[in-house]
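As written, the chain order gives the labels A, B, C and D, with residue 1 at the start of each chain.
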Amino acid sequence: MDQELAEDLVAANRILAAHGVIDAYGHVSIRSPRDPKRFYLARNIAPEMVQVEDLLEYGLDGEPVDGARKPDSVSERYIHSEVYRARPDVIAVVHNHSPSVIPFSVTGVPMRPIFHMAAFVGDGVPTFEIRKVQKGSDLLVRNPRLGAALAKTLGKCPAALMRGHGSVVVGENLQRAVGRSVYLELAARMQMQALALSSKITFMDKAEVKANNPVQDYKRAWPLWRAKALAQAKADRE
Amino acid sequence: MDQELAEDLVAANRILAAHGVIDAYGHVSIRSPRDPKRFYLARNIAPEMVQVEDLLEYGLDGEPVDGARKPDSVSERYIHSEVYRARPDVIAVVHNHSPSVIPFSVTGVPMRPIFHMAAFVGDGVPTFEIRKVQKGSDLLVRNPRLGAALAKTLGKCPAALMRGHGSVVVGENLQRAVGRSVYLELAARMQMQALALSSKITFMDKAEVKANNPVQDYKRAWPLWRAKALAQAKADRE
Amino acid sequence: MDQELAEDLVAANRILAAHGVIDAYGHVSIRSPRDPKRFYLARNIAPEMVQVEDLLEYGLDGEPVDGARKPDSVSERYIHSEVYRARPDVIAVVHNHSPSVIPFSVTGVPMRPIFHMAAFVGDGVPTFEIRKVQKGSDLLVRNPRLGAALAKTLGKCPAALMRGHGSVVVGENLQRAVGRSVYLELAARMQMQALALSSKITFMDKAEVKANNPVQDYKRAWPLWRAKALAQAKADRE
Amino acid sequence: MDQELAEDLVAANRILAAHGVIDAYGHVSIRSPRDPKRFYLARNIAPEMVQVEDLLEYGLDGEPVDGARKPDSVSERYIHSEVYRARPDVIAVVHNHSPSVIPFSVTGVPMRPIFHMAAFVGDGVPTFEIRKVQKGSDLLVRNPRLGAALAKTLGKCPAALMRGHGSVVVGENLQRAVGRSVYLELAARMQMQALALSSKITFMDKAEVKANNPVQDYKRAWPLWRAKALAQAKADRE
């Protein structure tokens, strides 16, 4: 794995933790630039602790290429493998327990595009109800079948909520998946507050969403976020 | 007391403070692995300051085994002693002023399982109304009688709210009592937000709670939390 | 001025800032133990920057004893002087812009005792409406007349809200005035959340308030808070 | 550019980030004291990273005086250029994504003066609806025409909300534009909370707003904020 890419993925783990988007249980992956049927994901540790040597390579079956380290894998790796399988356009996948999106996931209230930094919400953020696929589950996406069902709910959307659990957020590159995760959390908070103020909200319209989305690559934030994350990763080694 | 266990308990105190779950007045204890009629609890200082040498050993009467240090004990130690007496399955007890659970404790609104990381809420989180046992109290559990009444309200549940005061959270091990405390706070916030969004909420159902609970040992978070807490404990000495 | 007392007051300034209770504009004072007609208050700088040498001595006319430094005084020092004049029992006074109490100050909704750590709310927290004393003011307590009117509204209570402005919190000692300020902010947040959950709230009753108040000296928190504040004060010098 | 002024502007960038008022995408500028048709604005990087050498000089056409560095400019620099053109009294301009003002920007609920530290809200905080000027935009102020329309909405007011986007805040000096930005965020939160408590709110009246505004120069906060920001800027170099 390329060193810069590995550092990008380490940074992504730590950025999401620093923004309160993932707790000790989220994960973020990136598709291999060498083989679209492979992706990289950290082993089963808290994202805030991830270092380059914690990154493992997986196949689209959700199993580590180096089978020996399988017990070390996160149980929900099938979120990643099945989204990569279903969505050739997706290069990065985030799974989080983003606290402000969970209230939306358990009510019928849809997230709508309220904030231009999260205009992608206007492309649809459906909610995955695991109960439709498996009754009495622990809500975790523990196998390829559940991962495929989640990927089906996600469809062509940039993100999907997972009822009572969190969300999955995707991107055509890592920066976008990370940036979308950060701003989805903020947008959820804003929508809750706006709904408390008024039932009449001016959301972004379709044309505005369409105009905004290609612009939002979160490239201005990335160098700041990455530098702080890798400085912390370095300090943690010392 | 075993050094690793002592460090676990020091870490637990500091983890709960770092997560905003306990203020300077909460406490966390662990049952002695050598004698189930004994437990360890820090002396009467802010949890954020606890070091290994601050840990005292108590009997199930709530009195320190080394009687000489009794004046140094927290007044609410009977929360711990009576829960250990009533619940042989319990190995660790947390008492906190978790801010987001207090609004639930003073209204009739029950906490329900909204977030898979706090699925244990589905096993019941009753509210202890001290007024039923003692009128005109200062709300503190200052004696074995009040502790026993609280333990009775707790019953077989993983946690109980204490009206206008906070909560008690228990676990079959220390990690679980700590992790449950952290996620109870988060779940309370989510439930308040979901109720503001809608009166129709999809809570976890009984089967989902049952499937999720054995899984939630908070083991992935623990090494991160413990390492940060003990690094701070070490820095505080210097 | 006694060195320990001076350090207590430096710590108080920094503790309140660290808890988000005062911004750059609040202040905290202590009555002189040598002369009840004198008190100590920092010069006109942000509380987070206060050091021992910034403390000035004032008379009950609100003017610095060393007249030469008068231009350096905070304009609202009459809050302190007039409260000390009207309340011989008061040893410390905090004025803050505590963010969660301000919504109560501008609505008719009274704060009531919801949380045992702020049981003193049950002794009454009236709201000072400056408009009744002076129309068209800038809301600041800029002279002895406004200070006296505020002290009259405060009456025998532990705190008073100031409409659209903040609050004044008093104590029989410095720890209590600081601790009450910290927990008034928390209690305000809890009451807002509880009111959003339900119109039926079980507040502490009179007997519970009476039983709890003598106990709440915030002595367990003080050593932690003081040590952290003074460590920061020392670091700021270096 | 004068070194002290440059450091003021570096500090302003970092102060706003530290207070959560601007994310990686806001910006703050200052009019040149030598030529009122020029202003200084950092190049296109996150405000939290700005150093003195990142500051560029612009003309009122919104283009950098040193044309060679144009690609390095923030796309929304026309917010600044057009406000400076329309408002000779304005010396500093902040554009932010202040999270608590956005819910107001998307509902018809007007911000009103609730808190004396943000009394300027009483001079009017209109909302800019970009859709009235350009349908299907990405909500960004990407050209002089949109900037002029925003400046027209701003009129003589101290701030204007930008629907689904953030706000623009101005001042007769840098401290005031920064201080107003910090307190506008706080005031928005307070107004949301007050509205949740009651429909009857006592806002500051016209006379109170008029009396308060000249006083609010945020001069007491500035030395604290500036010192912390520049200490961080220095640390970032090392």
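As a convention for this text, contacts are C-beta pairs under 8 Å (C-beta built on N, C-alpha and C of every residue); 3 or more make two chains touch, one makes a residue touch a chain.
Model, not experiment: these values are computed from the prediction.
For the self-contact between chain A and chain D, the two sides draw on mostly distinct residue numbers; the shared fraction is below half. Centroids built from CA atoms put chain D at 32 Å from chain A. With centres taken as mean Cα positions, chain D sits 45 Å from chain B.
Contact with two or more other chains is made by residues 196 of chain C. If the chains shown are joined wherever they touch, the resulting network closes on itself as one ring, and no chain has more or fewer than two partners. Listed by label, the pairs of touching chains are A-B, A-D, B-C, C-D. For chain A in complex with chain D, the residues that touch the partner chain are 113-117, 119, 186, 189-190, 193-194, 196-198, 200-205, 207-208, 210-212, 215, 220-221, 223-225, 227. Residue ranges on chain B touching chain C, taken from their complex, read 23-25, 44-46, 48-49, 97, 99-100, 102-104, 106-109, 129, 131, 135-140, 163-165, 192, 195-196.
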